[in-house]
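In what follows, a structure is listed as structure tokens, so that the remarks can point back to it.
Order of writing sets the labels: A, B, C, D, E and F. Residues in every chain begin at 1.
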Amino acid sequence: MKVQVINPNTSQSMTASIGRAARAAAGPDTQVIACCPDDGPESIEGHFDEAIAAVGVLEEVRKGVAAGYDAHIIACFGDPGLLAARELARGPVIGIAEAAFHVASLLCTRFAVVTTLTRTRIIAEHLLRNYGMAEHCTSVRCVDIAVLELETLGDDALVERIAEQALQARDHEGAGAIVLGCGGMADLPARVSERVGLPVIDGVAAAVKLAQVLVEMGLGTSKHGDLAYPLAKRFSGRFGHFGG
Amino acid sequence: MKVQVINPNTSQSMTASIGRAARAAAGPDTQVIACCPDDGPESIEGHFDEAIAAVGVLEEVRKGVAAGYDAHIIACFGDPGLLAARELARGPVIGIAEAAFHVASLLCTRFAVVTTLTRTRIIAEHLLRNYGMAEHCTSVRCVDIAVLELETLGDDALVERIAEQALQARDHEGAGAIVLGCGGMADLPARVSERVGLPVIDGVAAAVKLAQVLVEMGLGTSKHGDLAYPLAKRFSGRFGHFGG
Amino acid sequence: MKVQVINPNTSQSMTASIGRAARAAAGPDTQVIACCPDDGPESIEGHFDEAIAAVGVLEEVRKGVAAGYDAHIIACFGDPGLLAARELARGPVIGIAEAAFHVASLLCTRFAVVTTLTRTRIIAEHLLRNYGMAEHCTSVRCVDIAVLELETLGDDALVERIAEQALQARDHEGAGAIVLGCGGMADLPARVSERVGLPVIDGVAAAVKLAQVLVEMGLGTSKHGDLAYPLAKRFSGRFGHFGG
Amino acid sequence: MKVQVINPNTSQSMTASIGRAARAAAGPDTQVIACCPDDGPESIEGHFDEAIAAVGVLEEVRKGVAAGYDAHIIACFGDPGLLAARELARGPVIGIAEAAFHVASLLCTRFAVVTTLTRTRIIAEHLLRNYGMAEHCTSVRCVDIAVLELETLGDDALVERIAEQALQARDHEGAGAIVLGCGGMADLPARVSERVGLPVIDGVAAAVKLAQVLVEMGLGTSKHGDLAYPLAKRFSGRFGHFGG
Amino acid sequence: MKVQVINPNTSQSMTASIGRAARAAAGPDTQVIACCPDDGPESIEGHFDEAIAAVGVLEEVRKGVAAGYDAHIIACFGDPGLLAARELARGPVIGIAEAAFHVASLLCTRFAVVTTLTRTRIIAEHLLRNYGMAEHCTSVRCVDIAVLELETLGDDALVERIAEQALQARDHEGAGAIVLGCGGMADLPARVSERVGLPVIDGVAAAVKLAQVLVEMGLGTSKHGDLAYPLAKRFSGRFGHFGG
Amino acid sequence: MKVQVINPNTSQSMTASIGRAARAAAGPDTQVIACCPDDGPESIEGHFDEAIAAVGVLEEVRKGVAAGYDAHIIACFGDPGLLAARELARGPVIGIAEAAFHVASLLCTRFAVVTTLTRTRIIAEHLLRNYGMAEHCTSVRCVDIAVLELETLGDDALVERIAEQALQARDHEGAGAIVLGCGGMADLPARVSERVGLPVIDGVAAAVKLAQVLVEMGLGTSKHGDLAYPLAKRFSGRFGHFGG
């Protein structure tokens, strides 16, 4: 099985780190192809960054479909371009936020999300609503560290900052599990879990595992209705290659 | 006052028709600048088309901000790129779906939407949910005519097809007003209204009027929180010009 | 165009102040007729005051319809008598709470409301739910000043009290705009906005502008269904003149 | 115990019929005082009728409080003036719609409402939402008979018309009980129940019984918060007697 | 009238205390039969305890139906086995949580719940959602005392602990009434009410009164649809006697 | 890895069939232990059957935990005893309804459920609400075949009956995938899918795969909060062995 893991931003080091987490989750019998767009923002911290990054995600999914990959992961916590990407593929397309939410809801009655910037909290809140998970989440909490600073801060300090928020959610809101709300935290679930005594879910691993499950079950994106292949039409300019 | 009206698809004739409707709504003291992206799909009929078109919308908003326009309209019924566009502008940014929904909710307790393709119904339903308008809408109905065929069909036949759905909504669901769910229907509200005996709202006119209202009130997009200007960062490749 | 602005309480000074705000918003080409009921409470601070004031609102709308006014504003933040008033009129009828909520939702993803008394918070919360705006509001906050004391307190002190709540909503709840929750605050949006750095919406101005928009678009209250003119019937006693 | 049953319209025959149903429900140890306002509409079939009738309800509640009655019933299916009336009384105030919904939800997982006019369906739907009962109701169905024609139609024909709708709800929507949606149907629950084989709830009886329960438990309207007695203030004109 | 009051746990002293409260509520003309299962947990403090206790509840309801009792009360705040028990009986079956919520919603616009353990808060929250009462509740608060320690603590201390939470809900959340969230608090409503100045509802009394109301109205569980008698089938082992 | 698959009813043939489906899904490296309770109903077709069956489920989970199984599946579409079972186990506990819903929501924007009896539709609807999946489901449809007749009917006829409902959901409601709503349909997804041209999800396979995923990720039920091990206490009678 070949699973394409798309980091929607253009950061090579984050792509590598996400690839590592994905491979660790996937196991030896699945080939993980980690990639990121050629064109787009180096980090995603708002609605605008997301909208531009979505195009890169779609380009990568298109390449992945052409290469015959079996499933496609969108490895940014806002799941940019998810429904659009599903139109392009017959295989499953999974966002890391949705994957993490679904998994968390199997482990506890209420989970909390710890993400990077307060500015992007609304993105997670909109996804919780859209996926039907709002009632299952006690709060979306932020460590207020920019995505690209996650690496420079160092894991020790980052774990501490995440744990601080997670413990607040556990002790004051009754959260029974923690969702890590950024692809750049994919290396940390074990350490945070040890620190806070709760199951901690990284969306990258969760999405890879769910993609494997769907492929193994012979299930893919519904090609009936709004997720059918895009209607053939003329695209102009830079996007001309999308036309058909 | 200068109001930029962006047709998110690349159809020149639809841009012209939207521009006419916008100018008719705006009145003589407001300059309407109708435009469409250089790059993108010639019609928008699904999640994928929307995601690509959103980039064109953002390019146009960016140009419009640089040109000092006072407000920006996204004239496709899925409101593609709306929150992202708001990050780019201090002036108001209004989608025609949200404008039509808000206006309709001031005229009746329940309205219906008549749009083009069954395939895109989910897009309108998601917007109704996201804007808090789901309970105010009896149904989203479709005439099942492709966007680019709206013009070739001819207004008479199109009015008839829309009226057929509108009358169903009026007589069987209690809809008190009709929202036209496509920028390509911007010329038709008066004729449909005469035919079905209900207020009929075209989102292009509604959005232009709401934009004028906000500008005249001295109100613009909140620059505090998630709609503040995008954080400066490196963008690569085709999107390099977005970096800062 | 003639827009009737109805202060539902009987305070002459508040009627005058609301009229000033309405005229400032309406501009020179629209005639604003500010009025208040002859009969009813001098301020509205609860469900009971609202229910009585609604009759005065309906009497005024009736007079306004007879006088040929084009639109009708209900200038109390509970929108008393709104749906009933819509039955009486073919022109638009707009409440200042609904107008403010709709406008605020175009400027930010989450707004806060600052109103007068804790006692009336539930009224605003019910309206937010009824209009589909509950998810778009972070909280309804109260300065705990009686409506008639708003004037005696003085604008400086009042702005300070409002700003105190608004800053809490901005900094701790992520509110991106502030809705002023009382017709008696209609003079203050600019000063509060300057103080807190957010868009601030006064419902009186918002309602007048929305009414103008609807009239200019040729739109009025749907006369099909539950907002059709009241069924003719006998009314007895003090309300005999409502019969037909 | 003395329970005041207020018919919000001015129809004497309907007041008598409601009083009969109330007395039958109340039993011998409770005195039922059936009354209706001196002033107001002779039937209630829309938002406007409701708003005017609410004043009459409040006048009657005020008299009833002065007379020392223990509880107050609002016997029109829209529960007009309910929260306002609660401000006036320390004893319980119960609307027949809310009473019927609560009782029905104890008997089945989904009930249906059969009311008079299609025009007023929205009123019942709003109440279902406001009381948290929307999910427990399969539909609000209408026999499309004017309130005052209920009497002239004759019970046989009326039972048949109600049963027709009730059977549709039972067989096609899975409704397990039927709520009669009009004070003018208070004599019919037994006959409709026999006809459709489901529990049938009349709100007048339900409200009287719930009021007795609350009084016997020593419970009354909370006088803390938004249902405390109205704040003393000046009322002018026809409503001057409400001031204090 | 004979009302069966089932304490779902096996504590004899709690059964006695619940019986006392039920008899006080029921009055002299109703016979209260207080009972508890032979088999099951001695207190109910979680989902597991509830699931086991539900069987005991069903056994008791079955005996109660055979004995010709007119109504059945499930006197544990999680309402364990409620829908299942309704299948067994033609008479009404009422849970004390649902009874308390319905009664509270007739007295105020927002109530609070004070229950025993933080661990069981989710059970009350799920019920509020299931019954449509979530919006009517400000919060579920816990005194963090184990059910069986309620008795040893002594009423004075217990009232104080409950009042502490109730006052927080009253003063900081606007709660207008308090629901006691445990059958073991059935003796306390008067004392807590005196202490906090709000109506206080004990579910045992509320359920008994509602059951009487339904029986007196000739209403019982709908035997059409999902609450019809269980389909006859083979049960094996310890549960063989349930087969038919 | 050892996964315990619990058929909550006592039918040996259904246990065998569920075991086959589970093994087919689990693959060679996972040992599937299919079992059913000794005591309980031979099929589950209502709230009562569910409540009794839940005890059998808990007994089996308890044995499974003692035997060191890594995960536990509840293979009846009502997920009986799910939260209670989670209290007993550190490993994951998955219901087949929740598994199927989660998987379906990854493949389409709206799915439909086809289950056995109209009587049990409410159970699926309650689960959809409880899991946050109601908006993602177009309808719950029933073939109206008793659970134990599924086998005697024969697969051909059963596939046809399911397909009939599925095609209605696909063509009239826009369903993009079908969830099979009964453990007794676990053999059929491929045949139904071929017949209706949509992805078809069997919950048994879905639950087994999700359980494997969680175990492989090192995730289990949160032992903090309401899913912690049951508080030790005395159980009497037939349930004495649950005490501690």
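Rule of thumb we're sticking to: a contact is a pair of C-beta atoms (placed from the backbone, for glycine too) under 8 Å apart; a residue touches a chain by one contact, two chains touch by 3 or more.
Because the structure is predicted, anything quoted here is derived from the model rather than measured.
**Q** Strictly by the touch rule at the top, which chains does chain C share as contacts with chain F?
**A** In this structure, the chains that contact chain F and also chain C are A, B, D, E.
**Q** Once you count every C-beta pair in contact for both, which comes out on top, B-C or B-D?
**A** Taking the two pairs in turn, the one with more contacts turns out to be B-C.
**Q** I want to confirm something about chain A and chain B. Since they are copies of the same sequence, is their interface symmetric in residue numbering (over half shared, so same) or not (under half, so different)?
**A** On the two sides of the chain B and chain A interface, the residue numbers are mostly the same, over half being shared.
**Q** On C-alpha atoms alone, could you tell me the rotation angle mapping chain A onto chain E? Nearest 5 degrees is fine.
**A** To map chain A onto chain E, rotate by about 120 degrees.
**Q** Among all other chains, pick the one whose mean CA position is farthest from the mean CA position of chain E.
**A** B
**Q** Using CA atom averages as chain centres, what separation in Å is found between chain D and chain E?
**A** The answer is 28 Å.
**Q** Measuring centre to centre with CA averages, how many angstrom lie between chain B and chain F?
**A** 44
**Q** For chain A, give me the residues that contact two or more of the other chains.
**A** In chain A, the residues touching two or more other chains are 83, 109-110, 121-122, 129, 135, 174, 225-227.
**Q** Please give all chain pairs that are in touch with each other.
**A** A-B, A-C, A-E, A-F, B-C, B-D, B-F, C-D, C-E, D-E, D-F, E-F
**Q** Report the residues of chain A in contact with chain C in the complex, numbered from low to high.
**A** Those in contact with chain C are residues 118, 121-122, 129.
**Q** Can you name the residues of chain C that touch chain B in the complex?
**A** Interface residues on the chain C side: 25, 27, 83, 92, 94, 98, 102-103, 105-110, 131-136, 170, 174-177, 190, 197-199, 201, 205-206, 209-210, 212-214, 216-222, 224-227.
**Q** Within the complex, which stretch of chain E touches chain F?
**A** Within the complex, chain E touches chain F at residues 10, 37-43, 45-52, 54-55, 58, 81, 83-88, 119-123, 126, 129-130, 146, 148, 225-228, 230-231, 233-240, 242-243.
**Q** Over in the complex, which chain D residues touch chain F? Could you list them?
**A** Where chain D meets chain F, its residues are 109-110, 135, 174.
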